[in-house]
């Protein structure tokens, strides 16, 4: 949406994102092929050599492209599209690493050594692993993206790290054995005497098998270090594994704690309410109202959302309230003929609650502090007549209750109980009076509406 | 309680629940027998074949039944009993899986192959494991049911998963060995040369032994992979184990943290109070009052319950207060003759506190902001007379104190101290005045009651 | 302190506690000897037999004694000393277990079998392990006792459980080998062919070595199951270990999280303040004041204590404030001659804060909302005179500042800065006016004190 | 900065810190060499002997130096520089340990035994490991230092502990084998028959290899205990490892939980807002405003900083507000000519908020409760004219809005929307009136400024 200079690409551009995803595939290929070539292939086959160079050239293109991609300034949070600043930033940070990891050392090695098998050049070609930092950035972005499940994103990240560690150290361990002078005194040679002549697949699987056996600390012992070099590598690998395993467990614990926190909070709240009811021997219907209210709160995740909304600035909250409640408040008989201004202000002060079926909203004789408007669902009015509770009427969506109590200061004549799941708006009477007090004209309209619909209470209210 | 259409069963129906529990037993049987048949039984004995078909038919019945079971709409949280909507929902979600997992592939395989031993049909019969999703749903429901202990429900779930993983991979690993061309080069053949002729029990126990040895990462190494196929399976199994172990530990940590949080909060609060007392050299009796108050709060779990109650809507809180406090407030001498309305409103505004024995409720000379009514227990009135604190009287359940201070604005003449565990209602004086101010008549009754019982203070109070 | 009926002992009685601790030692002895006798001793030596019976008799005494120990009612939290209720409670709960675990099965077995080596009686004597529940109760009590470090109490508990598990299963595993028909085909016989003739010490250490190797999942494999019986036990043991290890790690995580939470909160707060300062380029002295204030808050653990105090009921808070602040407020020149009542009320409303050296308490020209009294430490008064900040005076413990601003509504003439660590009481001016307004007489005394000490401001203040 | 007595060094002195760091290097050397000498060197080479004595002498110097280093009193948090108190404290705490760990036992052993190989003196020289407590203190200090990353500090600590445990037990285990009478029946002798004649490097690596294999519970089994002594050591080591591994995992979990908490809170908040929007079908622009507001809050870490600032005492908060807002408020046209005093008081009451681009700050027709001043960024004024929203003007940094609404009580004529990232000060109108009400003169200046700039509203406002 934001317009940038010519020839400068936004990092949020969908085409650029696609290019990044394509590079990611190449990164994964590099991550797998680098250690494998290093350990198992004495002479690089020409097809592989070709593929390696093609992959390299894509990364070279990306280096050039980076000079034309805007970046977000970490202080002002604004996109910078000035070519000079982009270049300075890239050259002073990651350019040198990117360049080294793309430089075709293997091709050059052919000029020195026909087989490209010198250890030095092989090590230099391991620089290609620097590309893996891109995977790290990708996961950091995915974790913040709520379209992806946090648990699985995190698991995928951990699995990738583990897989790479297993593959890399399997290959490296094989290389140690491969280059050891006495093949019999190596971890693999002790079990497969002529391992160098064996099938590549068997050697690779055996190396990975050893690697995972060590990483998971299973350690069957059928394959184990036979000489000092192998022991040293093993020592380092096991230290690394200790850290990695702890990290895996730590992450899993974190995810489990996060994932079960809602259920636990629900259980605790429910249990507290239930214990309170049983300890105080509350009547069955009160206990049921309590528990079904708590259940509803958790099912609708109302608590978390309410908290989030309350943290927003006032203008946004007003916008939300206007969208949600203006159409409802406008149709209420009390406010027929009132100005847009009044209804807007009332709407922005409304609070919405959900009530499960059969819950009391107001009790008979309660002192009223709020005015209620039904958004959806229905309620019934009940009153004790000669000691027996009887249904006196029924209100549906769009109707209002509590208005007589609030406007005429009389105690509530009916118990209001929901008959189905109901969403009800609530407006504090103090706030209501503050708003209608502003203009005498508006107040007259509201009172006239009230008396027209409830002619009986006219006298009673006026005397007050 | 909710009435449904004819022939439609509620998912909460006790008979349906019983049927579900019965199916659960069959699911567990399937979970055990499927991998076992797959790996160990070349020729299915006819009794087993019969049992399998009976079990299958029960699941077929359940598929038919599901078309008559109402479901809860995930948006409106209401039960849907319309047959058409039930059918659409089932057919578009799980029907195809349920049908496949119930289809008698094994019986059909007999038409093609007399022994029912073809690998293809065996794999198809593994579809029966789909039924395990029912166990998942069961545990999800149990976790939210506070009648069951969360710790043990969760442990049972984890144990079931682990047991199944061990059983399944033990069987699978045996099958790999069983079908390997060279029996000597298999994990079991290397230890028991003629294992195929051996006792079924020995083979099964050995497979499970290997499986659990690997899963727990003990890895004695007496049984280990001997060929590439086994290594590959082992690699996958160990990766899975890494995840499973981390998940087990994560869950256990979660449960431990949850289970010890109360003790830790108690210790922290107690320690903070204790350190505060010792650093400020508070007198011994004040420190004791602090500490015993904190102990009581935690023993009665008051804090959590209070928080829960405060989160409920006003009508429910009023109902609770009416149930708990109306009978007590009604009998207080101050409110004899007052209207139901007044007492109801007072009762709904009361707050209940527990006080441990020997704790001060009010201090002599303190400015009073509350009126107190004793629900249970007893308190004594103490006052300094000539520098010596003396007991001046004793109040028991149903009596009120602080009323003179609040109504006549005089400082508190006595220190009130509990003699035993006491529950005391508290009413803020501001709230009290707001309520009795509403009606002049009621106020007169309350004041008359006060003067009748305390004739001496009459003069003093009136002059104010 | 609480008086009980004759012959009834309180569970908090120090002598009873001592007796309980003595029994605990015997429990530990039983826990060790039971599995050991079971596995290793074919014929019980007579000294051991004697010791066993003496230990048993102590537990028999304890059973009798329990009928005379009062208990805490779980509902009313009161001690019950009625002999009948004590007996009913004990007989209906744990009596039967205690009795069985004390019954001398071993002695009786001699009548049937001269060597006391029958498996049945051996199993019956394992009932003595029931006594271990006492260790559980002990640890539950220690965890709530703040005199003991939570970390070490919890570690000791986990270590005990682990030690017992290792010992028990080591012994059990040895017994399986010992009773196996073919000694060569047992886990120990495969390594030490004539193990039954070997030294008891070697056999015991080997069993424990196997047990711990398996529990920690090290699994060297030098000792491993050789027959189905051993495999079955191993399977159960490894399942148990999986749970135990997860439980150990879960507990340790819990302790680590708890132990480092203070440091982490400190770091987060400090970092937030530090980042805020650097992002807004605040002057160096303001940043230092912020950071040293945060450091002090954490060092003195003020936050936690303040929160705890605020959760206490009003009477206790008043008692604390009286103890702490009355002697200080009494000596302030402003309140010389004021009544006990006034000073008491002021003292109970005071709030104490710590200020690190060189922190500003009030700034010049700030609108004053509080009155301050120095409890300890010293402050200096600084003011800008001709653009240069100069020290104008120095106040020490017992002196008051801000009183002129509050009483005469003039802006603060000096910046007040601490010169050393200072504790300062703060009283909100609104609260102060509410209290002195109650009595005209008291107000006059306070104002007279003010004018006597600060004659210059007299005129200025009166005109307001 | 703080002046101390002559010859007394502050513990915060940079030179002293340097000396401490230098000693730390020697401590690490000691930690490595002690177990190594103990296990592998029968005869100490003379160069090593010399180095050991030089290292020892440095620690002797440090003991002497400690008598001249001030310390922080744990109660008053003040530096104590009195030589006598320093000496008493040191002599009564750690002096004896420091002295023992520095005493040259090895040198003395030469008088008794020419080779310095007696076990007794070797054990005594292990006392040097006491020096390791310095590493503990160093890490405790680093953890509280926010210049160092908590994660890596903690990891470094755990790695050091693990490394030392591996090294120490590797050496100790070798020593057991070395001193065992029958070299063939030792863990190393079973694999390398003539190990005592072998290369020192091979023996050391093998010992470390065994140690790490056991600690990580890999337990290949190629090296394992062969006699009771080794088994006993192994038992103890494995118990220790169980605790250490649990501790490592616990710490890692703690760090992971801490490290991911921000991302998780962000995700939860974002998701709650997003679900709320989609459930209530809010218009797209309102949803975007909500989400971008939440993103900004988290990016700027505003929440945590705001909380921290609010916990500071009032004087510091005033200092901060003065630094940040005085220069801005001073330049606002409304307050031209007002006194320093008024502007200072207004500045200290301002609250700063960040608004992302395109967010509404006030809505048209909203009742105004705040006055706004733009610090950076820009906003545009939009109003509905004939049902179409049109941009009416643009305000930039230093300008004020909402002042007419607040001062003249008219509803807000424009919607104010940010065009770029904006920082805006907010002042509650109630607070504003309280401050300008204090002086009639100031109020007149403010109103005159208002009318001069907005001549049209003059009439309208005065009539109110």
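Should a chain be cited, it is by its letter among A, B, C and D, assigned in written order, with residues numbered from 1 in that chain.
The rule is short, and it goes like this: a residue touches a chain if its C-beta (ideal position, glycine included) is under 8 Å from a C-beta of that chain, and two chains touch if they have at least 3 such contacts.
Predicted model, so just to flag it, every value in this text is computed and none were measured.
Chemist: What rotation angle takes the CA atoms of chain A onto those of chain B? Round to the nearest 5 degrees.
Modeler: 90
Chemist: Taking all residue numbers at the chain C to chain D contact, is the shared part over half or under half, that is, same or different?
Modeler: Comparing the two copies, chain C and chain D contact each other through largely different residue numbers, since under half are shared.
Chemist: So, what's the distance in Å between the C-alpha centres of chain D and chain C?
Modeler: Centre-to-centre distance between chain C and chain D: 26 Å.
Chemist: Could you please state the distance in Å, as a whole number, between where the Cα atoms of chain A are centred and where those of chain C are centred?
Modeler: Once rounded, the distance between the two centres reads 36 Å.
Chemist: Name the residues of chain B that each touch 2 or more other chains.
Modeler: 217-221, 245, 249, 251, 253-254, 257
Chemist: Under the definition above, what is the set of chain D residues touching chain B in their complex?
Modeler: Its residues touching chain B are 217, 219-221, 249, 253.
Chemist: Which of the residues in chain C come into contact with chain B in the complex?
Modeler: Listed in rising order, the residues of chain C that touch chain B are 76-78, 143-144, 146, 150, 214, 217-221, 224-225, 228, 231-232, 234-235, 238-239, 241-243, 245-247, 249-251, 253-254, 257-258, 301, 304-305, 307-309, 311-316, 318-320, 322-324, 340-341, 344-345, 348.
Chemist: How about chain C: which of its residues touch chain D in the complex?
Modeler: On the chain C side, the touching residues are 155, 159, 162, 201-202, 205-206, 208-209, 212-213, 215-222, 245, 248-249, 251-257, 260, 263-264, 266-276, 280, 282-283, 286, 289-290, 293-294, 296-297, 299, 353, 355, 359-363, 365-367, 369-370, 411, 416, 420-421.
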